[in-house]
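Structure in structure tokens, see below.
When the chains are written out, they are named A, B, C and D in that same order, and each has its own residue count from 1.
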């Protein structure tokens, strides 16, 4: 209950690790793990994730943040966020008809592998309602087509706004508009059913079959205005051969998709993923 | 000494496997392994590789091929090639300055893992002469620049023509012209230092670092007039992260490159790789 | 509907492939794929799996088998089995409390990835009843403890005998007696939560943590009287490190377990797995 | 030239990271990377590796160590070691007849991938003398048999003592006695040609073939008095199947062996590997 993660980023400079460590020790925190990264030996950007336990954190948090701001963050020109474990992130999952990614997320959540509260699943098709609700998770059907995209996104924003800290596109086959990205006010993670940057766009497994590749893969990334071009969080591949049809590639690829998406979501939920330009640092 | 590989391809139709098998059995051959593939359940293209031992094959080969043509190949509209193990392929390796791929090929050859005779190594730089010659392999230095490409290719063709059955581009950083492809009269295998179709062209590891990928890979493919677009024989990847510099990616990628190229060359030398359009069937 | 798999095994000898192929062609079958293996170049045991389509197979099957016996199987001293695709295998899954393996099997079956009819799930705990029945699969609770093993196995045999072609132990944590193996009359596949032969028996992840391994794995194997020692069908591993607790190893291992078990079951259902002594040939 | 690694270990307690970080910052060091691990959330053992640059380190080192001892190490009950990059470790490689591991180490060293000085290669066979010396590395032939083990080890100790910081057993097929371990006075890394704890001892690939495994692997570990039982540094596997002979397994395994050994040696040379009981922490 008293565990938290502190994420900081700033221009790299001497003394940061010591300053953060000393501050936490004086505050009575016990550091459980620490990971840091600097993007260059000199003149880089610095990232640090510190996991700690501090008895009485809930009550002391406001003062702790004020003190940290004054004593560490301001002197070092640092951005920071503090995440308490007792507040798991609230997550919405957007899906179409395909179930492998969303079911894996819901199952891992039930099993205790993903520290999140799944606030809702939204789909443009009704097919997965029963499966989702059997996990005790609300399911909303918001039909979306090329013609009603604006209204559909508005309806989804009404459901999402203020209610979630993360939106996961678990094979949601609709285009996301910049207006939606602006309006939703939280990060979005997408699973791209290809090993980006290969086979961008639709029907990647058919394209992969046509190209005769010997591996197919999947990519989990943050969604940005550039479709399929956001910062990559995780990727993986599976070996295929001439004997596999495009349908086999899709089947084998689905296993990679659900594994890659679940890992990426887990790392995000544990506050391990920092963005740096169009890339990520996974601490 | 009496072992051989028979490769056949034709329009898929009933009875092929039986016809080939019965022919070989009547000829006195003992089949050691057989692999086949049809590109579609109905109306596809059929490929078969049969490895067999036939005592006295060397003397009987001409008659065997004539009989096979008449009794099997013609009736089924079949193309076939017969490769005796006692004739390992003659191979030339083209390199620039980088040694990891060529040394792995030479070392595996010495170790008995690659059934080939390395006829020569040609390089546009003199750097690797000693390393290559320590394996007892001739090394030829043919300087090649943007300005003398025509003469350089002509000089290489003089060395290669009639002397080799395969050319391996083991990180040969020069462009290969269609004239060279036409003139050399044998297949070329290239190692592309990327997981095609991603990061085509120069500096793929720098591109990969810029894109923030979590895997880097390599692709071995036959060379066609479309640079980097020929049929893929083998691919593999290695996991990387934010902590790796572009130089680290190149270092880790080099391990994948040499492994992928060695596997692709081995399969080609064992007559396992059939081309089908712009893809391969690896039997 | 007219597709089938023919599996044959016999002492290796010239002419087998041709004889089988010619027989099938004369019977009017179109071979879709063929895989064979001989355990030694000379004097080995021969295995072949042939997938074919024969219009009207259902009606012609008895005659086909009689003809094959007389014309091919008897002359070559061959054992064979013929499996029609229209008869998917009937499968029982035995579980305890852990859900990851059984849910993955049921989900893949629903998705069309595993050609089987799940006749029942039997558990010595009631916990998974709802999850299993949501797939439309019967769930039977047969309490089993060290003290009532005999009665429990007898009760299970009553449920299973004559009703299933395969029993899958999907993390069924009870010992299986030789009497049960004899009585059930069909193969059993077990998932061993370790990379056999390492860490045989209970608590393999705790053992693996204590040994400081850098990989943990799982093994799917046929069950024989020697516990954990039966023929291995499939194995895989996942990378771990010092930062992982024994609980993390169990979590990561569970992903490997379900993947390995699903692949092994799939290959068995497709009649790809032949036993050879205490090993398997996966065609 | 001014780069160094500081490794510390002590009982876990609040304030360590801050104390080390603050000390280094005050000393004028710029931290390039930091990794730490505690073996338990409370009451564990703490390990930290800090990579830093400190202008003028060579001249200031003695004072720095004295100050660190007094201000940090003693108060926290800490063991520490400081390694300057300008002093690469001196390494001896022990081999028998097999070349794949030693050649990979020598080649990576020449290529700049392994920060070490290879002081010598010692072999109980003369076979690899030319290959080793072509890298400019001294080769000593010390015949070793069951009968002269004592004298052979004494001869090797004369060569090694005081001259090396690490001994790598790169497929050295002789038993190492506790007397040798005591006498050599530096760590030894061995490559075990199996995925420990499976197939301990001789002929692991033949054992693996007999067991019908679907993966073969290799393990790099520190050598202790318990043969094959020392702390594991790195492991990896490669997929195999029924079609592979025991010789194929050995060939495929050799690729894994050289990769695993090279990674383990690299991590040791970079001072990343701490021992904890019979396990390792790789920072």
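Note that in this section a residue touches a chain if its C-beta (ideal position, glycine included) is under 8 Å from a C-beta of that chain, and two chains touch if they have at least 3 such contacts.
Predicted model only: the values in this text are computed from it and were never measured.
A.B. asks: Would you say B-D or B-C is joined by more C-beta pairs in contact?
C.D. replies: B-C
A.B. asks: Tell me, please, which chain's centre (mean of its C-alpha atoms) is farthest from the centre of chain D?
C.D. replies: Looking at centroid distances, C is the chain farthest away.
A.B. asks: So how far apart, in whole Å, are chain B and chain D when each is placed at the average of its C-alpha atoms?
C.D. replies: Taking the mean C-alpha position of each chain, the two centres sit 37 Å apart.
A.B. asks: Using mean CA coordinates as chain centres, what's the gap between chain A and chain B in Å?
C.D. replies: 42
A.B. asks: Which residue numbers or ranges of chain B touch two or more of the other chains?
C.D. replies: 33, 37, 243
A.B. asks: Hey, which residues of chain B end up touching chain A in the complex?
C.D. replies: So the residues of chain B touching chain A come out as 37, 195-199, 210-215, 217, 231-237, 241-243, 276-282.
A.B. asks: Could you list, by residue number, the parts of chain D that touch chain A in their complex?
C.D. replies: 14-25, 28-38, 41-42, 53
A.B. asks: Could you please specify the touching residues of chain D with respect to chain B in the complex?
C.D. replies: So the residues of chain D in touch with chain B come to 33, 99-100, 103, 107, 111, 113, 134, 243, 251, 255, 259.
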